[in-house]
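So, here come the structures, one by one.
Look for subunit A in each of the two complexes below; its partner is subunit B in the first and subunit C in the second.
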Partner chain A sequence: MAHLLRRAGFGATPYEMDRALSMGYQAVLDDLLNPDHPDVIPDDLIRRYHVDQSDLRSGGGAHWVYRLVMTDTPLREKICLFWHRVFATGTTKLIQNRVVTNQIDMFREHGMGRFDDLLVELSRDPAMIMWLDNQDNHGSNINENYGREILELFSMGVGNYSEDDIKETARAFTGWRVVNPDYMSIRMRNNTARPYGYMSWQFEYDDDDHDDGEKIILGQKGKWNGEDAVRIICEQDATARFVSRHLYHFFVADELPVPQWPHEDPKDPEAIDVLCRSYFENDHDIGAMLRTLFESDFFKDGGSRYARIKSPSEMVIGTMRLAGPIDLPSEETYMADAACANMGQALMRPPSVEGWQGGTEWINTGAYVERVNFAGRILNDPDKQGVRDIIDRIKALSGQSTITSDELVDNCLEVLGPLEVLDTTRHGLKNYASKFGDMKWSDESLSSEFDRAAVAIIQLVVSSQEYQTI
Partner chain B sequence: MGDKKIVVVQLSGGNDYLNCVIPYDNPHYVDNRPNVRITEDRVIPIGDGLGFNPVMSPIKDLYDQGKVAVIHGVGYPEPNRSHFRSMDIWHTAELTKVGNEGWLGNAINQMYPKHDNVVAAVNFGAGLPRALVSHGAPVASVTDLNTYGLMNHVSEVDQRNEALQAFKDMYSQAIGSGPVMDYLSQTGLDALRGAEIIGGVTDKYSSDVEYAENSFAKAMKGAAQVLQADIGTRICYTQHGSFDAHTNGIALQEGLLTDVSGGIYDFYDDMKRANKSDDVIMFVFTEFGRRVKDNGNGTDHGSGGVAFVIGDQVDGGQYSEYPSLAADQLLEGDLRFNLDFRSVYTEILEDWLEIDARTVVKGEYEKVGFLKN
Partner chain C sequence: MTTTTFGLKYVTNVGFAADFGGRGFSLPSSMAIRADGVIFVVSRGKSSTKNSNGIQMVTKDHDFLGQIGTYGAGLGGMMWPTSVVLDSDENLYLADEYFNKVTKYDREGNPITEWGTKGSGDGQFNQPSGLLIQDRLMYVVDSRNNRIQMYSLDGNFVGQWGSGGDGEGEFNLPWGISDDSEGNIYVADWRNDRIQKFDSNGNYISAIGGGKTSVLDRPSDVAVDPDGNIYVTDWGSQCLLVLDQPGNILETKRGEADLSPWSVEYLSSQDDERKARESFVPVYKADTEDPSEVSARMEPYFWDPVAVELDQDGTVYVLETGRHRFQIFERI
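Entry: the complex of A and B
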């Protein structure tokens, strides 16, 4: 159960864990996949406090951080992070946050639906059109950037199509552009930091600029438009395989970086087969594939536990959720967004269209210092609601009014996950804790002493190498 | 491995070339800058009708000593006027595709392929500039040298030392329990070791140089402290800004250039007094210059800029040429670059850091010749 909540969400606070255990695995999974309640996020508050979500010049992901910390539909947010990694689009080139925010909203709506629908929406997404220059893709003169990337990075992967398929796909997407494209792209390129000139972009289809001639895409001949290209792409085995491998990489275990996929077999070929079958049996439905994944043995058995390195967003959001809810969108979320960026994952500002590779690429010494210090800082205060709750549960688990230092460590690991750690790590923690000796909380001063000891252990636990994995 | 060091100073936001190194007697300058112009009486002449911005007298002092190479018209083909994209291009030396690896990160991996120098590069400021990022390259990022370290949220020294000892125990004992855990543990230990080494440098440092009170001066002092401690650091990096002077052009730029000039001078002076100025250079760049014509109160994004290389081993003077300001020579209203920035990188990488530049800048570029010998 803890494994499911870590992967399909951002881990569980002790309360969430209790609730989940009383519901059972299947009911929790149903709720994650099809929440029967709306998310509680107060959009009006986000709008009021987070001008960054529609900042026209640059911006970042602070408003999204708030949503990620506060959401009670975590899988829906996680799938947004997933598609953001695959379809990586950044304000770095677009110089306006609003359209990227809109793209993430689109993932929220379509991210667990049919892959065909998602790809059509993506192809109509103004941020994507400008990011990959489809506004320059004309009937008379194609720009093949989007045609290439939809095949290479968004659906099939290198080696499954020809250069001609790229050109023909690009032709199918001619005329898919934003309103007033020339003006908008000049504004984007020659950013003059006078935001008054910016407008959010809207999609438009210009039939006059569309090449309606016959095209051969992946062997199928016809007067294809963009929707047809998507249909053809989504029928391909390679697409099922590529999407499956991405889902595995994100939800099950770290795979090799994407550029190596054409040359190396998947870590678990059978798991990919299972997911591919689910793709075709369920009419390309991503939600159904996720259900297959989370119900599968390859997910549930021990091998996939802690088999991924936490992404910075998983590290930051998971830790903040442990510390408890944020009252209002505030400096904390901006700080957390900056911390994410410092660890190597600037939300809404991916380094390139290839997104983030993940795995060990997240880990370098600079990021490591940031990770350890961030987690420690967030869990520094025993009076934060979440920290208080953790401490109370550590006490409750002892079943008595006293606790040994060994129990303190064991209970802490139990409450914080439960977190599975190496024997050497547990030993190291206990060795450190031994200086506290046996502890009580029978009066105020003993109680605050115990708080301090517990916080020190919590901080050491979240600085462990195991806490970097998920 | 050599022991030459470089301090990279990034002027973020687009430093206005025309009002930094000023073509003060060029009629096109006067015509194009009716409002945002440094008048001739304020310019500090350096010859050939050019002069420094009046706040750059500390740089002029170094220039007169032959320590400053002014590199004119630096840029790249098909200039991008987005701050982010243009800075990315400078950071990664990748023009056509969006690159993941920084040029200095690549340099570090080439200098220390075993990743055994955990303090090879130190950034001053929050986060890591892309220039320093490359897989496996250990880099430290310091916001405040006095409080830098792992677990700096633990304020009590004894408690922190105990926690760090526990961290070390946990991490060193985990080595051997699988490739991912090993990688995590090794990186964690490197981070700790780097933090310990860097955290110790302030104790060793003493200097009579008094730096100004601003973030840039603090960063340059930090660089001096790290480099004087001889801990093996080869690259220091910092940035100052934002030079994005769409409005209030002159005052904004002069305020920032005051900080930069002072910080650079004090750093040089500090290193000189410590007898360590011989093996360090500074490289100062910006992502682009600004539009030739002013917008009434400021300047908009342009292309083609000026870079500086400063140090004892620099052959002082002016390099390349000031791009023409004539209307028919401009590119969409901006200066045309006449020197590819990868030429500057190539010379720094090959003749200073003594590594193969071709894999970093992906090609062969003629050197500029600003380094002695």
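Entry: the complex of A and C
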């Protein structure tokens, strides 16, 4: 169960784990895939009390961090992170955060639906159009950028299409642009909010600018428009394999970086076959593929546990959720967004159109120090609701009003996950905890002393290498 | 007291996105109009460009007169300013919901004193928003404490009323505040979607809106003209509404700003933007019904209208956070 909640969410607080265990694996999975309640993010409060997040000129990452921390539909948010990594779109070029936030909203709505629908929405997405210059893709003069990337990065991968397919696909998407394309392009290029602030963009199809001629895309001939191109792409085996490998990479185990996929077999070819079959048997439905994945032996097997390095966002959000709910966006959410960036994953600012590769890319000396410092800072206060709950459960697990230093470590690992650690790690933690000796909380002074000891161990646990994996 | 016919016409707008300070505003949150026509607009700015904080002084004729205050924690400084108001001596008062304080500036803009700390006790605030001065008494909307506090103009606590809830005299994150010519006080009870009317001692009189079928949607501010007409910046619907005392809507404005002289001047120095703007369609059919997103796309529309003020001639000023300007309307 803990494995599922780590991968399909951001880990579980002790309360969430209790609830999940009482529901059972299948019911929890059903709830993750098909939450029967809307997310309860108070957008009006955010917009009023965090004004710069209303126009979202900047602060898009912090805005999303708040939602990620507070959501009670974690898989829906996780799938947004997934697609953000695959369809990497950045404010670095687009200048404003609002349109990327709107794109994330679109992932929230379509991210677990049919891949065909998602790709059509992506192709209509104003941020994507401007990101890959499709406003410059005219019937009389094509711009191949989006045609290339939808095949290479978003659906099939290198080696499964020709240069002609790129051109023909680009032709299918001519006329797909934003309203006021010239003015919006120049404002973006000039990086200006003048005279009256940024303007959000809207998709517009210009039939007069569309190349209505016959095209051959992946061997199919017709007067294809963008929706037809997406249909043809989604029928391909290569697309099923590409999506499957991405899902495996994100939810099961770290794979090789995407650019190596054309040359290297998947880590688990049978798992990819299972996911491909699910893709075709379920009409390209991503939610159905996720169900297949989370119900599979290759996911439930011990081999996939802790087989991925946490992305910065997973590490940051999971830790913040452990610390407890936050009332409204705060300086903490801005700091968390900055921390993700310092660890190598600036949300809404991917390094390139290829997004983040993940895996060992996430860890280097500087990033690790940032992780340790961040987790220690977030979990440093025994009066935070989540930390208090963890401490109370550590006490409760002891079954009495005293605890040994060894029990403190064991209980802490149990409550924070449970987190499976190497013997050497456990030994190191116990060695450190031994300086506290046996502890009691029978009066205020002893209780306060125990709180400090517990917080110290919690901070050490979240500094461990095991906590960096998922 | 109410009129039977009512109309407003757009006149002009004053504003410009001044992200880095200078002529214009940055995420303005409040405005006050002095008798001599000087308009004080508070820019909340954004955290990454701190020099955009301040109280800008302008006129409705597009004169930019300078700035009072700046980002900072010291006396006269601000971080998240929410409201500005003038007293009869033309001193200026500013509420700040980050520092939970009210700062008093003299007529020349020198900070004189400040009061308030975070909390829920007498003289404490939890994110103060609207300010009103009536008969040498200041009313402070203490938004997250769901109450109205009263102070002398030197910051001495006088009294309070209100608590959290949706009953009469209760509040859910109130925002703006104003009064009418008879001294009654109107509070934009933001998250209860209503305007509540009180006497000057805080005794409940009536309300407009509220409940699931409310005519109002997250009202942010209110003003009342001598005829008793009630002007509401309806932040949720992104409109200016004018209502009579029973709550009938007399006028709805979505905003219709054109290019202000400051904007024309800017574009005159930007050939590429000016030329591209020749084919610019400012208002078109949106593919969303979310008023905030529509406002984000349509430049002439109000985007997060947060304050409505009336001058002594009855001219109406609507301040928009998202578009860094205020639009001016006159009665027709």
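The rule is short, and it goes like this: the second predicted complex is superposed on the first by the 453 of 470 C-alpha atoms of A that agree within 3 Å, B and C clash if a C-alpha of one lies under 4 Å from a C-alpha of the other, contacts with A are read in each partner's own complex, and residues count from 1 in each chain.
The rule we apply is simple: a residue touches a chain if its C-beta (ideal position, glycine included) is under 8 Å from a C-beta of that chain, and two chains touch if they have at least 3 such contacts.
Keep in mind that this is a model prediction, so the values were computed, not measured.
A.B. asks: Going by the contact rule set out at the top, does A:432 touch subunit B (first), subunit C (second), both, or neither?
C.D. replies: Only subunit B is touched by A:432; subunit C is not.
A.B. asks: Just checking: does A:200 make contact with subunit B only, subunit C only, both, or neither of them? Give me first, second, both or neither.
C.D. replies: In the superposition, A:200 touches subunit C alone.
A.B. asks: Taking the superposition as given, does A:52 touch the first partner, subunit B, the second, subunit C, both, or neither?
C.D. replies: A:52 contacts subunit C only, not subunit B.
A.B. asks: Applying the document's definition of touch, where does A:464 land relative to subunit B and subunit C: first, second, both, or neither?
C.D. replies: Touch status of A:464: first partner only.
A.B. asks: Does subunit B (first) or subunit C (second) touch A:360, or do both, or does neither?
C.D. replies: first
A.B. asks: Once chain A of both complexes is superposed, is A:373 in touch with subunit B (first), subunit C (second), both, or neither?
C.D. replies: In the superposition, A:373 touches subunit B alone.
A.B. asks: What's your read, subunit B or subunit C touching more residues of subunit A?
C.D. replies: If we count touched residues of subunit A for both partners, the winner is B.
A.B. asks: Looking at A:180, would you say it contacts subunit B, subunit C, both, or neither? Reply first, second, both or neither.
C.D. replies: second
A.B. asks: Of all the subunit A residues, which ones make contact with subunit B and with subunit C?
C.D. replies: Dual-contact residues (subunit A): 58, 190, 192-194.
A.B. asks: Okay, in this complex, where on subunit C does subunit A touch?
C.D. replies: 15-17, 19, 27, 29, 44, 46-48, 80, 97, 127, 173, 175, 190-191, 218, 220, 235-236, 257, 259-260, 262-263, 266-267, 270, 272-273, 276-277, 279-281, 284, 286-287, 292-293, 296-297, 299, 303-304, 321-325
A.B. asks: Under the stated contact criterion, what part of subunit A meets subunit B in this complex?
C.D. replies: Touch list, subunit A to subunit B: 58, 91-93, 95, 188-194, 254, 307, 309, 338, 341-342, 344, 349, 351-354, 360-361, 363-370, 372-373, 376-377, 380, 422, 424-425, 427-429, 431-432, 435, 456, 459-460, 463-465, 468-469.
A.B. asks: Which of the residues in subunit A come into contact with subunit C in the complex?
C.D. replies: Residues of subunit A touching subunit C: 44-45, 47-49, 51-52, 54-55, 57-59, 98, 102, 179-180, 182-183, 185-187, 190, 192-203, 334.
A.B. asks: Any idea which subunit B residues touch subunit A in the complex?
C.D. replies: Interface residues on the subunit B side: 80-85, 88, 97-100, 118, 123, 126-128, 130, 133, 135-141, 150-154, 159, 162-163, 165-167, 169-171, 173-174, 177, 180-181, 183-185, 187-188, 190-191, 194-195, 244, 246, 295, 300-301, 332.
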